[in-house]
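Encoded as structure tokens, the structure appears first; notes follow it.
A, B, C and D label the chains in the order they appear, each numbered from 1.
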Amino acid sequence: MSDGGPDYAQLQAQVRAFVEARQWQHFHSPKNLAMALIVEAAELVEHFQWATEDESGQLQPAKRQAVGEEMADILIYLTSLATRLDINLIAAAQAKLEKNALKYPAEQCLANNPRRQDR
Amino acid sequence: MSDGGPDYAQLQAQVRAFVEARQWQHFHSPKNLAMALIVEAAELVEHFQWATEDESGQLQPAKRQAVGEEMADILIYLTSLATRLDINLIAAAQAKLEKNALKYPAEQCLANNPRRQDR
Amino acid sequence: MSDGGPDYAQLQAQVRAFVEARQWQHFHSPKNLAMALIVEAAELVEHFQWATEDESGQLQPAKRQAVGEEMADILIYLTSLATRLDINLIAAAQAKLEKNALKYPAEQCLANNPRRQDR
Amino acid sequence: MSDGGPDYAQLQAQVRAFVEARQWQHFHSPKNLAMALIVEAAELVEHFQWATEDESGQLQPAKRQAVGEEMADILIYLTSLATRLDINLIAAAQAKLEKNALKYPAEQCLANNPRRQDR
């Protein structure tokens, strides 16, 4: 399933090494990491706050690069938090998808989807 | 480097299939996904808002499970946004780490770290 | 200029009394209050995350009521923070408006406004 | 109850005039205003993300000024949203306090408050 690129475990090790080299783990309580993460999430939101939905899907290259960097920052803090709490982030997301599939059955969601395109 | 567990590319394919089965991609403008992501980030913050830093690092199992599910939701929306914008999220995070390493040189950060433990 | 209704100073006194009656001021460090405030802001965002801009401006009464309660929660935490930091919130907002007026001259903003309606 | 300072109705009129002079009301859908508001809330959070709770309560003058400006920005967007939705913000906050008083009875909250100081 992988395209042979870097995988998540490699990134997690790199993030950990980055933090430890600066001894920033002493700031990395889950409370603080959650705050840092939402600050980065807001920097992502800021790119889109005055854009229409259409405009937000047609980014110029420089904007797309900037958006990608905000997304990277979110993943980096999310990864530090996963390390701190000893949570397997990929497995947690897969388990949540399975839970969501029970909560939001595909047929029922399709039937009620006001933006459905296939009819 | 991988531990043989599921990798990120597999998760991304699963998230995409989940969304397409419900035709939710028609709601998934980057503007909307950024909003959904920050809402999940706030649900993470909510777990820690009245906790001390120490308490936030000593979670009971039920709380840790709930926190993990909020983290999963964040990763799921981040992944949908990466798919929508055709951004390689893992590579973007690695590139951002390299950029951060230039901005925050390890030696200088260590020297200025008020919570440094090794002296 | 007032319509004779309750003014902000009255609200601030009521918020303070509410907090002190529960001794919650001991949880109300600025750090914690900022977290609580952004959680409420996200509950506001959640009402609008899948809505179009147009839909967000045409709320049914029950939704408008719910949105008003989230806005109330934001103002309540903002007021507790103002009390905690001894900041005159109304005066701070007026000073910021004056600063913004210098940063964003009206004529220049009008000339560059892509959604301007009067021409 | 007022100290004779500016009241909220005056601020609301000033915010409205500021927006209309730039014709920014055409960007001010509730969806967009909620996004702008949470971005300002995150700028507030950013000031406190690595601070301890104690440090967050002992701000130097320049930091306190900066924090006050973020609080002002939040109130300004909250006010624009109240204008847009025709919601009386002060009255909404007072109504929410009354609702909260029923949900969180003072005696019970005091009895369960782990940070209570008076015993």
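Worth a mention:
In this section, a residue touches a chain if its C-beta (ideal position, glycine included) is under 8 Å from a C-beta of that chain, and two chains touch if they have at least 3 such contacts.
The structure presented is a predicted model; accordingly, all values stated were derived computationally and were not measured.
Comparing chain pairs B-C and C-D by the number of C-beta pairs in contact, the larger count belongs to C-D.
With each centre defined as the average position of its C-alpha atoms, the distance from subunit C to subunit D rounds to 4 Å. Each chain gets a centre from the mean of its Cα atoms; for subunit B and subunit C, those two points are 28 Å apart. In subunit D, the residues touching two or more other chains are 27, 31-32, 35, 38, 41-42, 45, 48, 52-53. Chain contacts here are complete: no pair of chains fails to touch. Only residues 35, 38, 52-53 of subunit A touch subunit C when the two sit together in their complex.
Touching subunit C in their complex are the following residues of subunit D: 1-3, 5-11, 13-15, 18, 21-24, 26-27, 29-32, 34-35, 37-38, 41-42, 44-45, 47-48, 51-54, 56-57, 59, 64, 67-69, 71-76, 78-79, 81-82, 84-85, 87-97, 99-101, 104, 106, 109-110, 113, 115-118. Those residues of subunit A that touch subunit D in the complex are listed here as 27, 32, 35-36, 38-39, 41-43, 45-46, 48-50.
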